[in-house]
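Both complexes shown next keep chain A, but they swap its partner, so chain B is in the first and chain C is in the second.
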Partner chain A sequence: MQRVGVFICWCGTNISSTVNIDEVVAAVKNMPGVVYSKDYQYMCSEVGQNLVKDAIKEHNLTRVVVAACSPRMHESTFRKAAKAAGLNPYLLEIANIREHCSWVHKDKKAATQKAISLTKAAVAKAILNQPLIPGEVGVEQRALVIGGGIAGIQTALDIADAGYEVDLVEKTPSIGGKMAQLDKTFPTLDCSACILTPKMVDASMHDKINIYSYSEVEEVNGFVGNFEVVIKQKARSIDMEKCTGCGICLAKCPAKTALSEFEEGLSKRAAIYTPFPQAVPNVPVIDRETCTKFRTGKCGVCAKVCPTGAIDYEQKDERLNQKYGAIIVTTGYDLINLDSFGEYQYADHPDVITGLEFERLVNAAGPTAGKLVRPSDKKKPKKVVFIQCVGSRDKSERGKSYCSKICCMYTAKHAMLLRDKYPDCEAYVFYIDVRTAGKGFEEFQRRAVENYGVNYIKGMVGKIFPTGDKLKVNGVDALSGEVLEIDADMVVLASATQAKPGASDVGRMLSISTDRDNFFTEAHPKLRPVETHCAGIYLAGACQGPKDIPETVAQASAAAAKAIGILSKSKLVNNPCVSQVDESVCSGCLACTKMCPYEAITEKMVEQKVHGKIRRRRVAEVNAALCQGCGGCTVTCRPGAIDLKGFSNKQILAEVDAICQ
Partner chain B sequence: MVSREKITPDMAKKEVVRICEISDENIVDCMQCGKCTAGCPAVHGMDILPHQVIRLLQLGQIDQLLQSEAIWSCAACFTCASRCPRAVDISKIMEALRLTLVRVKGNNRLDIEKVPKLLDKNIPQQAIVSGFRKYVK
Partner chain C sequence: MEKIKEEIRQIAREALTGKKVDIILAWEKGPLWYDSYPAFFTKEEEVDSLTWDSFCINNLSKYLLEETMADKKVGVFVKGCDALAFNQMMQDNRIRRDNVVVYGLPCPGMIDPDKVRAKRLNRGLTEVKQSGDELIFVTKDGEITVPAHEVYYDKCLYCHYPNPVVYDQLIGEKVAAETALDRSERFSQVEALEALSAEERFAYWDSQFSKCMRCFACRNVCPACSCERCTFDDDDLDILGKAREDSEDQFFHLIRAYHVVGRCIDCGECSRVCPQDIPLEKLNRKLIKDINALYGEYQAGLDPSTKAPLVTYQLEDADSFTAGEKGGKGT
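Now for the complex of A and B:
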């Protein structure tokens, strides 16, 4: 007969305000097997944990049930306490009476009944718990970083500096990401390239970092410590070993028709191109859709002019299999498409631009060599209107309901840069609210108003009418109620940020979740901000939510620290709650092998004595290292031969029985 | 002496709730960005601007609204509704405000008998129909 101890937590008022603790304690006393029960305000505190430890010893408890918060929160805490008191940690069971009960109910009477039922189920299950001993698996001491923006570069550098190999996979021909496109960075106005490009070079020179540019992750299998990844290296049409980055091919290519992605479409690029002169690696790619050679078979100018014979039209996509201990996702963000915001004329008028286009227009390396002129007639603007919240904080189907976070600051920066370059040029900023939370941010924005004379107008723009060579901006000052009409030369839209269009596919490939806006979800918004729910996979940067550079870099280093935590271990303890097959019952149908998402089940031949004769027959076998304990096989198994340790069919039925009694 | 009228913001006021019910719009969604006002083609005939209409509703100041010219100036063109970043359809709220007045007996904004005299050849039929919808019970 098992001796069960039940510990009921109040969780301050989180549980006790909705669940009558005294009633639960009284009910627990009558449950079969229970020899001891105790309630306490904060069971997870040191005092609370000691209550558990002491009771195990004093009352010779053989099973423990803690009725408290979700096992996601404190199961490991209480298991450690049980282990410290000499009990196998897997003999402890959690009844979730917070998330599953007090937090979701208002009716105290019904909630108390539910708490009693949940505890009763946990007691019934605990009685059938078996001691489990976790096994160990090796760790591949190599990390994969997906996305080569500032987040990916920082993470890769931090992990590599700790002494581990890192593979940095970047989809485009060069690392650098969005930050490489920026001109100055708030709140200190230091030049983006000056602080980013040295990091890009550091990453490329680091002997522990391998950059796979123009590559994509195609497949991810395995689990923490042992991920198996397929990387597709897209055909660059250039031999990276031979290319010296001299740039003759770029100059000689006759097909200069494609819009430059890096310049936000403000200038054209050749079919053979490097995104920007400081690209890392400084090796061009051939855009096969624009290249005359690939389209018509004629041309081949680049191959003729290349002094090292690096051009290779026959190159094919290559696939690379690699094992990793940890994965960091740093895939970044995009701006929304403004086609549905017809009132701003973005698609119809060249002088209505996005904030990112403005960055290129003021950048010394940009399409105008830093001369800020209107894209339409290359004239200097006299009046520029900035519009914030274009699609951000927008509940309609055109926009995004969240705040894009970076626009208030970069708009203030743009207006200052403009007034700095052209003191006679007027700047107007239409805003709904100015949000400048961050160190030195408020001071920065106030400088725009107080020192740079930028006109901030609380209100929005209704419509822009292109009139002659001007843009008539119809807006409102919501505070005074004045309806305004501004004859602007240029309009800059702070368009909303959004998750990368492929984010949900990446999420599915990695088995990590995305929120309703397709940003990746962290394991806990406050306490586990860089982890995902999938062990060994971490997040950094704007793929997790809109973020500025300081925050992105901080998160990147945090993710690196988490990854190093995994890589620095030679062995990882694995979850002992894995499936096991009862070979005498297994019919060998192998339905489980098809169901298993982790390919953890295989067939094996066994010799069995059937009716006095030795016969060889086929049965299923679980690889404990691969099994993630999802339980899919146990419900697929027709003869009921598979049990999940810690969650056996018997235990689950005991729980159901306890609730239904 | 500056006197101060005591106003307690009250969004739960019966009349406000009624307006929200008739229009089926959620006035708390409004962030007072003013985009409705900025784009309103009828704004020059309005004593209270469209975004101020919502603000007064949020404050429970419905009497001012019912006495305003703004609700009659609204052409119900839906420009505001199509651009509102918060998906609040102000044209429906304007309609609800007009309805609370014209639904009271004898409160038609338009005297039906005088209508024929107001007409000329150039008035489109659509205007007559919408005039009746807007001003008459």
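Now for the complex of A and C:
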């Protein structure tokens, strides 16, 4: 017979205001197996923990139940307390009477009954708990960073500086990401490339960082400390060893038909290209879709002009298998497609552009060499209208319900850059709200209004009518109620940011979750902002939600610190709550192997002696290091041959019974 | 069938004498007219009692379980439905294929003794002969000829796979695979139940399940129920007590149905062997119908290499938990 002690926490008034603690204490005393119970205002405090420790010793408790907050908050606290008192930590059970009860109910009487039921279930389960001992597993001291934007670069640098090998995988031909496309950065207006390129160079020169550009992660298996990853290196058609980056091939290539991705389609590029002059690595790629040699078999100019013979039309995609201890996902964001925003004429009129296109138009290395002109007739604009929240804070089907966070600031920046270049050009900004929460942000935006004379209009634009060589912008000033019509030369749309289209596939590959907008979900919105629910996989940058550069960099360093925390250990402690197979019961149907998301279950042949006869048959086998304890296999197994330690079928049924009684 | 019986005996003899197999698994005629029960033959001389007639309803595949694991080489005769069962057991890794020689028997249909009794053809019955689509009942008082479909099992009239889908050697000619009854009608009884209100449906199943005496015949005959130890035999789990209890009877039948979902070949053996006439095929067919609707037409046992719908996940799988999607009724 087990001796159970039950400890009921008030959580200040968090629990006690909705749950009658005295009634719970009284009910607990009558539960089978309970020999001791105690309530306290803050069970997680040192005093509270000591109550648990002392009671275990004084009353010879063999099982402990703490009725308090979610086990995600304090399970480890109380397990440590139990361990300190000489009890196996897995003999302790938490009844969540806060998140599952007091916080979600108002009716005190019913909530009290529910708290009693939850505690009763925990007692029933605890009685069946078995002591568990965690195992240990080695750690591959190497990190994988997926995405080579500023987030990925910063994370890679921080981890490498701590002395660990880092592989940085970037899908496009160069690292740099969106930040490389920007002209100036708020709130200091320093040149984006000037602050980014040193970091790109640092990353490429770092002896601990390997950059796999023009590559993609294709497969991820394994678990924290031991991820097994397949990286696909797409055929660059250039021998990276031989190429010196002289650029003759780019100049001589006759197939200059493709729209430059880096220039947001505002100019064309050759079929053989490096996205931008400071690209890292400074080795071009051949775009096989537009290359004449690949399309027709005739051409080969680049191979003829290359002084080092680096062009290799025969190159194939290569696959690289590598092991990692930790993975950091920094896959960034995209802008939404504006096709469904017909009223702004983006698709139909060249002088209606996005903020990112504006960045290229004002950039000295951009398609106009920094001369801000209308894309249609290359004339200098006299009036420019900026429209904020295009698709952001828009609950309709075509928009995004969230705030894209960066647009208020970059629109202010754009307006200032415009007024700086052309003091005679008028700038109008249509906004819903101006949000400038950030160090120096409010001051920055006020400068746009007060020093640069940018006209801010609270209100939305209804429609844009191209009239002659003007864009007639019809809007409403929501403060005065006045209907406005502005004859603009150019319109800049602050289009909403969104998760990368492939984010949910990446999430599935990594077994990490995405929210309804396909941004990756952090483990806790406040307390574990860079961790995911999958141990050893971390997040940084705009793949987790809209973010500006300062925030992205801060998060990147945070994710790096988390990864270093894993890499610096030679061994990790396993979760002992893993599945195990009862071979005598297993029928070898192997349904569990098909359902296991971690590929932790394999098959093996066993020989059994039954009534003197040898029977040879197939059974399932769990790799405890791979098993994440999700329990999927246990519900798939018909005879109940596979069971999850710490959450056995019997324990779960005991809980259900306790609640139903 | 008489001719094929001789052929079967010959094959069995040769297999045993040639040491091609250690055991032949076939049927043997018992003392009663409807008795053709499963039998193991290990010696050539025993084969004389081997039979093949319109009463060989028993599915022999299930008997392979123990023998193939004991590393014995078994020759087994399978009808169409037995072949589906064989494949399903293969998919469940319950048969070691390299230890089995499969002899396929195209099956004209099997006689339901109840229908014979209803027609009072059993009085003084000595033999039943098959002649095309007719059956000749040889009795003491003479021969009576009836159309075969009048006395075949209902399930045989719906049968779409009378010819074995797996065999090493096929014996005799394949039979026409046209079903006597419209195969989609298999689900008409299910639809009738679906049309009832939840209360009516519960009352119906309550009345059926309360007849159960938990003899487990349905489980024991089922080719999808081949576990080493059935969960209902796990005394430790406390899900079925010894005493009769309505909720436990319901529990048993629902778990049984769910345990075979996606693996039930719809052979109908469970309801055939039920001494209380519980219409278990309706439960199974409800689940087959739902699987077909949710994951596309699927016939368990047709091909052991096909992925079973319930243990494989595909991105385009229906999400029946989302209201409005097919499957969930939201009531």
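Note that the second predicted complex is superposed on the first by the 647 of 661 C-alpha atoms of A that agree within 3 Å, B and C clash if a C-alpha of one lies under 4 Å from a C-alpha of the other, contacts with A are read in each partner's own complex, and residues count from 1 in each chain.
The criterion applied here is as follows: a contact is a pair of C-beta atoms (placed from the backbone, for glycine too) under 8 Å apart; a residue touches a chain by one contact, two chains touch by 3 or more.
Treat the numbers as computed from the prediction; the structure is a model and nothing was measured.
S.K.: In the superposed arrangement, does A:Cys389 touch chain B (first), chain C (second), both or neither?
M.R.: first
S.K.: A:Pro525 contacts which: chain B (first), chain C (second), both, neither?
M.R.: Neither: A:Pro525 stays clear of chain B and chain C.
S.K.: For A:Gly297 in the superposed arrangement: first (chain B), second (chain C), both or neither?
M.R.: neither
S.K.: Output check: A:Gly640 vs chain B and chain C. Expected answer is one of first, second, both, neither. What do you get?
M.R.: Once the two structures are laid over each other on A, A:Gly640 reaches chain C alone.
S.K.: After superposition on the shared chain, which partner residues are touched by A:Met460: those of chain B (first), chain C (second), both, or neither?
M.R.: Touch status of A:Met460: first partner only.
S.K.: Scan A:Ser587 for contacts with chain B and chain C and give back first, second, both or neither.
M.R.: The answer is second: A:Ser587 touches chain C but not chain B.
S.K.: Give every residue of chain B touching chain A within the complex, in rising order.
M.R.: Residue positions touching the partner: 29, 31-40, 43-44, 49, 51-52, 79, 83-87.
S.K.: With touch defined as at the start, can you tell me which chain C residues reach chain A in the complex?
M.R.: Per the touch definition, chain C meets chain A at residues 66, 69-71, 92-94, 96, 226-231, 234, 236-239, 259, 307-308, 311-313.
S.K.: Taking the touch rule as given, give the residues of chain A at its contact with chain C in the complex, in rising order.
M.R.: 584-591, 594-595, 603, 613-618, 636, 638-641, 649-650, 653
S.K.: Spell out the part of chain A that touches chain B in their complex, as residue ranges.
M.R.: Touching chain B: residues 343, 389, 391, 393-399, 432-433, 458-463, 474-478, 481, 483-484 of chain A.
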